[in-house]
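Each structure below is given as structure tokens.
Same chain, two partners: subunit A is paired with subunit B first, then with subunit C.
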Partner chain A sequence: MDTLLSYEDKKRAVLIIIALFVVVWVALDAMAGGSVYWQRVLIRLPLLLTGEGSGWPITGGFVLNILLSLASMLLATLLGTFMGLATLAKSPLVRIPAFLIMNFLRNSPWLVLLFAMLYILPFQVRVFGFVIPFPPFVKAVIGLALPTAANFSEVIRGAVQSIHSGQWEAARSLGYTTSQIYRHVILPQALRRMIPGWMNLYALLMIATALATVTGIQDVLTILNTSLAMESERVIVYFYLTILFLFFAYCYPIALLARRLERAVKGDNL
Partner chain B sequence: MFGLDYSWLADSAYQQWLLMGVLNTLKLAAISSIAAMLIGMLGALGLTLRLFWLDALIELFVEVFRNTPPLLQMLFAYFTLSTLGLKVTDPSTGLSVPLLSAFACASIALSLFGGALAIEAFRSGIDTMPRSIIEAARSLGYGRWARFWRIEAPIAARICLPSLTNILTNLFKTTSQASVITVPELMYYAGQIYNDTFRTLEVMLLVLVIYVALVSILTFAMARLEAFMAFPGYGKGH
Partner chain C sequence: MNRSDALIEIDGIRKSFGDFQVLKGISLSVQKGEAVCIIGPSGSGKSTILRCINGLIPIDEGFIRVGDHRVHEMKNEKQMRPLRHQVAMVFQQYNLFPHRTALENIMMAPVQVLGHDRAEVEARARALLKKVRLSEKAGSYPGQLSGGQQQRVAIARALAMHPEVILFDEVTAALDPETVKEVLLTIRELVEDGLTCILVTHEMKFAREVSHRVCFTDRGLIVESAPPVELFDNPQDPRTREFLGQVL
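Presenting the complex of A and B:
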């Protein structure tokens, strides 16, 4: 029996046993009087997930964290692409400022940047007579997108630079212009190598959305804090475990998939 | 300039606060970095033993700490460690007080978070070690211990250094989140100052610049270390 299982199988078996052990521990704890606490968590769960006691409509909670991460990622991908290509530009007038901005954003703590954005961005901007309001959610999106964009531009740089220089030389000798080389030769190959980094970055961003609580939006932590004010000391542990599990359940599969893709990409040597 | 008012900076009380904040940030970063490195080394060494149960436990630890927000980890440590029984009775007052201060809780949470990242970095460093080098060392008659100290560790250290820089800067930046659990570091004092002066934008910009400067010094030092340690074929010497 023992020899039939490979090393990886045995490892997986241990992890499953640990998971079962946790389930048993939770059940035992529930029987020993913990069920009262779990019930409190269960009652609050729709509120923690959607920001609404009944579960609908969605006004906040963990779903808001997900929406925030998606909106930030979209913005970060756009900004990061520009920034990444700018740091690869030939002209030092473009490259050096882009490089400085990228490094500034990469070296600043997410929380501090988020706080700074909260105060730098106005409540609304007037563009050609249109008033664009900046609610806390939009500020959080921008605040989280900036460091993510800087990290993404680094991913782009790494992917583009990992393409063998022979590709450049070959394309140039065929008479392609720089923008043509990027469009037809480099980016199609680099895109494949960017995907794992992009996904890892998304998982990181999702984790960082927990910080958005400082902007005052009704995200899962804000709701957690307001609901904990009404709970006893002992229940707090159960609430925190639930929220930690929510983040883990969302981010771990993404990280796992990213790693699998990374391994697949590592195979192609160009 | 730009309508920013930095006159409050002339007040020596605020200067004192900023200085204390920076010192506490450095202290927290130093403690958690060293602990994280130790956890990382122990974990990576544990993985080389190839024991499936230890491997599973380490993987679980790494994944849990990598895939949950460090802010939540700190809050969890802060609010639950004391309610879960880590309390001492103060002999002078007879009151039950938490054994661990906010600073201790933040250090523990950050060490574990950084440790999880470090295990992963060291593991990949050991994994990418060329087999031929180990075989060459073995054929030259190196024993297991000598091989590890004289061949494997020096090469692995150079392979790991870039990702180690990332982890250390990441950890340094994450220390700012300790302000949420009232650890008196730079972010915390920033809050104190703008509560006093109402100069939120000015204070946050200054603090942002201080953080960026400190992290930049760290990355610069690590880059220098990398260049200093480089030998042909590995890392920067490539």
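Presenting the complex of A and C:
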């Protein structure tokens, strides 16, 4: 019987069993008195999601985590593109510094980078008479964007280098310049191969936004910690389970989509 | 100042990859309109010769001239560009750009590199597709074409640059036996049109029929060079005889 099931089928079966197990456990626990605690969670849910007990206006909460992840990803994509192209540069004057910075950022703990940004970045900068403030949210965006950018630059480098060397040869023999080869031949092909890695990185970044609670922004964890002060100890578990589920529900579909795209991109070659 | 009136002149070129010397003093000259086939065992440096002619591989020593371009004096990619506009190349693995259609593959370089007018290039590209008998495949992507069709698009792409010379690097080696014929037919027509061609090939019968001269290379040297009838029917060098004995 087992031999009839493919690897994919078995994987799906295991996932379904795990999901069922969780549902049954939650249901049994609720019947044994857990429903009281779930009601507490439900009352607080708008607060956790938006930072306001009434659900509007949005001042923080899980929505802030999403905003943080989007802003960070935008910055990381820009920085990472520059960094990735710099690590591919022919001139060692550009390539080696870019390579060192990229490796330094890639191998630093994200939490340490966040703390570093918190203390290194000033409260505000004055440029030509304009005052640009650096609130904790901006510091968190930069702190999370740096390691993400370094990882994205590796995604770019990998995608560019995965393009068959014959493409370079053909383009060079047609008289293209190096920058034209990148623009017309290599990057259009590499872009498709980058997208899955880019999405995986975004899911990772979203998970890491929970770290930003150390900057003091009103993200879902900060709000949880302040509101838990008024709750009984028993109910804390239910709150944390809820938060875990929120992150899972947001990130898992992204990872699934990325994997599907990865499979679609695989195989188109030469 | 040119040493001779040949279109391509190669004298004593040497090239090493690491410790391995691939070319040990190759000399060859090709007249305008001539079709020269280079045959020989694998690893004898045939493809390297082609890549030296259009500067894809820089040589260590020697003299290469194509038209007015002195390839051995060019130090960087920028100086090579005018040369590459005149010397086109067709590869064993076709190397079409997979994200563009057949028609776009042919049009890209003339528009983007030479800066020719788009409408004029499109007309030229469609005429070339017709020439290689693929008019109906203009909108197809390389992945949708057979190997032989891709190779013919690659030939059309090379022709679109209006080259003085086309270098063919084992262009049928990756093809199914039944599609080889259509590609060889296309090349034969180009030779008959008077285009200068240098072909590295394993198709002995084709080399014999189409070329004006055949060069046999072995271990980095041109061992023997003669019109095909002479080289195939009456080889002078024992190594040529041995090689032909194995492949024919």
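The rule is simple: the second predicted complex is superposed on the first by the 248 of 270 C-alpha atoms of A that agree within 3 Å, B and C clash if a C-alpha of one lies under 4 Å from a C-alpha of the other, contacts with A are read in each partner's own complex, and residues count from 1 in each chain.
Operating definition for what follows: contacts are C-beta pairs under 8 Å (C-beta built on N, C-alpha and C of every residue); 3 or more make two chains touch, one makes a residue touch a chain.
Note that this is a predicted model, so its numbers are computed, not measured.
Between subunit B and subunit C, B touches the greater number of residues of subunit A. In the superposed pair of complexes, A:Arg234 makes contact with subunit B only, with no contact to subunit C. By the document's definition of touching, of the two partners only subunit B reaches A:Val14; subunit C does not. In the superposed model, A:Val112 makes contact with subunit B only, not with subunit C. Residue contacts after overlaying the shared chain place A:Gln161 against neither subunit B nor subunit C.
Judged by the touch definition given at the top, the superposed model places A:Gln124 against neither subunit B nor subunit C.
Of all residues in subunit A, only 7, 10-12, 14-15, 18, 103-104, 107-113, 115-116, 118-120, 203, 207-211, 221, 233-234, 236-237, 240-241, 243-244, 247-248, 251-252, 255 touch subunit B in the complex they form.
Interface residues of subunit C facing subunit A in the complex, by the touch rule stated above, are 54, 56, 77-78, 81-82, 84-85, 87-89, 91, 93-99, 108-109, 112-114, 142-143, 157, 161. For subunit B in complex with subunit A, the residues that touch the partner chain are 50, 52-53, 55-57, 59-60, 63-64, 66-73, 75-76, 79-80, 83-84, 169, 172-177, 179, 187, 200-201, 204-205, 207-208, 211-212, 215-216, 219. Across the complex, subunit C is touched by residues 164, 166-167, 169-178, 180, 184-185, 188-189, 268-270 of subunit A.
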